[in-house]
Amino acid sequence: MELVFLLICGGVAVIASLLVIFARSTLHSALWMVLSFFMIAVVYVLLQAQFLAMLQVIVYAGAIMMFIIYAIMMLNLRQESRQKTGARISKIIGVGSLIVLFLELMLVSLGNNLTPIPGPVSEKLVATYGRMAVISNFLFSDYLLPFEVVSILLTAGVVGAVVLAKRER
Amino acid sequence: MVDNQSIYLALAITLFIIGAVGAICRRNAIVVFMCIEIMLAGVGIAFVTFSSANHSLDGIFMVIFVMAVAAAEAAVGLAIFLLMYRKLGTIDLDKFNLLKW
Amino acid sequence: MLEYMTILIIKALVAFTVSLLIVAYSTWIERKVLGHVQLRHGPRRVGFHGLLQPIADGIKGFFKEELVPDNADKPLFLLAPVISIAAAVALIVIVPFGDKVTIMGHEITLYLTDLDVGVLFVLGISTIGAYGGILGGWSSGNKYGVIGGLRGAAQMISYELSMALAVIAVVMVSGSLSLIDIVNAQTGLWNIVKQPFAFVLFIICGLAEINRTPFDMPEAEAELACGFNVEYSSMKFALFFMAEYCHMFVFSALVTTFFLGGWHGPIIDGPHWFFLKTFLVIFFCVWERSTFPRLRYDQIMSFGWKILLPFGLLNILLTGLWMIVFNM
Amino acid sequence: MADGKILTINMGPHHPATHGVLRLVLELDGETIVKVTPHIGHLHRGIEKLAENMNYQQVIPLTDRFDYTAASLNNLGYCTAVEKLLGIEVPKRAQYIRVIMSELARIMGHHLWIGSHALDIGAMTVVFYAFRDREMIMNMVEEVSGYRLTPSYMRVGGLARDITPEFIKCLREFIKWFPTAVAGYNTLLTDNIIWRKRTMDIGVISAEEAVNYGLTGPSLRGSGVPYDLRKVKPYSSYDDFDFKVPVGAKGDVYDRYLVRMEEFIQSLNIIEQALENLPEGPVNVDNPLIFNPQIDDVQKDISALIRRFKIQCQGPVIPEGEIYHAVEGSKGELGFYLVGDGSESPYRMKVRSPCFILVSALEKLMLGHMIADAIAIIGSIDIVLGEIDR
Amino acid sequence: MADKDYILNITDRRPTGKYITPILKGLGYTLKNFFSKPITIKYPTERREVSDRWRGLHRLKVDDKGALKCVACGLCAKICPPQAITIVPYEEAGQTRYPKEFVIDELRCIFCGFCQEACPKDAIELTKVYDFVDYERKDFIFDIEKLKTPEKYIFNGK
């Protein structure tokens, strides 16, 4: 069951991601992107990370992609300029080396079965509290500092965005 | 026979590479931005895979923080694109050769 | 396993049928209530007091001419209403109609699923619904549509935040993200008493999310001539329309769940209380629509960001302090 | 759209908020209006030209169709202009009834205004309450004239027929009821924070600019200029009545709104006074060249028959000369410029329609506001396309 | 504009402050109206009574003997502002004149009632029939036969 879902969702995610690159209209790219994120959210669910899946939907599909689509519409990028710059040497080298990297990584990941090291979250813990409770307990104890740092980062991001986008009058 | 975990990892790697290829090949700034998000998503899957294999939450928290960073990145990035569009009339990255304005 | 699946499928069918009937009849309620508020009768030709009107509308929707504008982005134009309705219907999954009942020896829960992250699911999926509007407006190639879509997107993003803040306060007093737990936490005292400010905040933001009157920016018919769905006709328009009412139903159900104690009520708990409260909230939606003028786009934005957001944060702060002081 | 890219949109002629067939070409920067080009003429019927080939009586139904929301006021303006040219004075009773009819018409016009204005801003219910009350007036107008929207009730030299007791009964009921209805509109709109947000400080025009643009009526009075022809140049016994002219101060949409809301009450006040002091007597001038003899006389008296033929075929013969006469319409100064050349039809009829001039101020009012404000502004100056295009 | 005591300054009516109460009042007002009786009628099964002076479809009156009162003087055709009336008179020696043709184009007609006012024989009147409908333009050109019985053309909801 899990495998079937995984293969379907993973496949769709990969295809959608490819279409992000190959779609002509920027808006279509963005929409394929949304689909891809959705599928990744499903993959997170399969990995028992419902919280992450919902975050993925809310943050990526809901907020970030909405921003991007908003920007695309505001800039009115209906069709990209069609002229080709030709495959530059640097691009070919880049893509080539990426493909090599891809093959290497695939070999590593498919070849070796990684042995799990048991961490602090046992099945029992999850069963007693529920996944969300466990996550929140850890988030607000062990990971409090990173959490606060991230909030500062977000604030900085908001301030930066406002400063940048503010029209000089 | 490969187990599920390897497939998750393969998916993560594929997404990462697709994102990287897109980031290299495309010139539209917004598409490049989205490709980077795909790379982050691939990394995220890898994190969660390991996390679930190891019964640890570290991977999940990593992804949560990555998402927060991505959100901040989106806000600032789009503001920059807007500004760039205002300045140059395009968001083609090849035309984007100013170091400061 | 087989028994479990069968029950689940039957439950899903029943839940969706009931929900979609309510959705269909909320259009009837809307027209009837608006009619009577405005000293009219409302529909009354089709069936007794127009009770068959939704069906007549549906049939009419099927037989209308399909129009696709020339400079429309055709795939997106077709996709947009589908996204809209799909996101709206997906929300029905988490609506808790009632508690467990025993039918023919089987213990059946009157909700489709008890998601651990139910609240997040609501917030996430409701944003997806906005894509329908924004894409519909954009893809029809109509300037009014584009403006409507842009307004819809901006409004959605802005009010999602305040809505989340209102819900967080509820989650704080209930101690769970699961809707079932939230309802169960209100056995004695409803959240509207515990969290009156969050209630007001949620109602305001919810009205903005479902694009009802003081905030019906995307389709402000007076200024944008119907906004995002201006080029839609026939069943595609009907889908948008249904999505809107479906959102209204889900919103009402959520208000009931979060603040009005769900299926709890005097004498006997049960789904009848849930439906009664939901209908009251739907009535409120229609009623306020008939009363208020529409805000302006920039006013909605500044209202959301400058008033509701700080208000929501303050509410959370006060709730937290309250909980610390009284050690709940 | 953003960033200096201008989006041009056509608002109208098919648009729910342009009050008919006004076409506005709006140039938008984001949602802010940077240029407004009104296009008019979609409803042009050539009434001024038509009038040149009709006798003075036949023009009356045409005048109904200028400002069809308040038709009796147009009748009044035209008839008083012709009477002035003829140099006759209608009996006091006719004058009072004319005042009642035209004030009812003003209320009718304002009803339509408040309904559509509120509907434009999103308050969809007010229009039905306004029409409930407008319906009462319509019934009264129907009672005396036989038609609801285009009564053609006035004639050169008086009225078509006298009013009926039923009319007076209805009118008394209306006078009793109407303040409650206005209070209802106030409940729904005046204090409502959303309404205030939408109307305050929108479409501001200063008193000086308003005068320079030639605005009249409530749109001018909203800017604080107490110019009301009923007080400034009283006609048709308006100086007999005691009423106030409401003026605003800022000249924004809200001030214009308040002015009109107050005019509801003032008009009702005038009607009440006119009804209480309604003199007895005939309703037509006793002038054999103008007064159409009764049907009973016609069938008995050959001279009456001849007079009827004369009057109906030819109408009153207007001496050579020209006249400009204006009345205070529900939208502003409604002026009739008539040139008589001694024949049965006017040599030239020119209508100074207030809405035509109000449209010219649209650009001034709208620039720098948003689309949503544009429709609030159109609503606030209360234009009727029938009067603009004529 | 000598004395200005008629000016009523309304600037002091601009309300300040109040946010919540007006909104609640407005809601209360609409709720009150929700429970009041609708004022609309269910046309065409219910019809409102129009006034006696109603200017509807024309009728050519007949006298006691069933003959048209009209003598085809043409006054109505002359006064008619949109010129909707066409009359062809006919007269035999020693007889009263009567209209050979009397056609009113009801699509041109603006129902001003001037014909009724002009008629020296009280032969034409405007009835209370206001809702006559048909499918083709030619059906609205009413001749003598149709004008004698305007009641037949009342819309009955079919």
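Residue numbering begins at 1 within each chain, and the chains themselves are lettered A, B, C, D and E in the order written.
Just so we're on the same page, contacts are C-beta pairs under 8 Å (C-beta built on N, C-alpha and C of every residue); 3 or more make two chains touch, one makes a residue touch a chain.
Every value quoted in this text rests on a predicted model; they were computed, and no experiment measured them.
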To get from subunit B to subunit C along touching chains, fewest steps?
-> 2
Chain with minimal offset from the mean of all protein Cα atoms | C
When centres are defined as mean Cα positions, the distance from subunit D to subunit E in whole Å is 21
Between subunit B and subunit E, what is the separation of their C-alpha centroids in Å?
-> 72
Could you put a whole-Å number on the gap between the CA centroids of subunit C and subunit E?
-> 48
Can you list the subunit D residues in contact with two or more other chains?
-> 1-3, 125, 129, 132, 188, 192, 194
Residues of subunit B touching at least two other chains = 82, 85
Please set out, as single numbers or ranges, the residues of subunit C touching at least two other chains.
-> 37-40, 146, 290-292
In the complex, subunit C residues that touch subunit D | 34, 37-40, 143-144, 146-147, 213-214, 216, 220-225, 289-299
So in the complex, which bits of subunit E are touching subunit D?
-> 1, 4, 6-11, 13-15, 18-19, 21-23, 25-26, 29-30, 33, 39, 50-51, 53-55, 73, 75, 78-79, 81, 110-114, 117-122, 126
What does subunit B use to touch subunit A in their complex?
-> 2-11, 13-15, 17-22, 24-28, 30-31, 33-35, 37-38, 41, 44-45, 48-58, 60-61, 63-65, 67-76, 78-83, 85, 90-92, 94
Given the complex with subunit C, which residues does subunit A contribute to the contact?
-> 25, 27-28, 31, 34, 50-51, 53-55, 57-58, 61-63, 66-67, 69-70, 73-74, 130-132
Mind listing the subunit E positions that touch subunit C in their complex?
-> 23, 26-27, 29-31, 33-40, 42
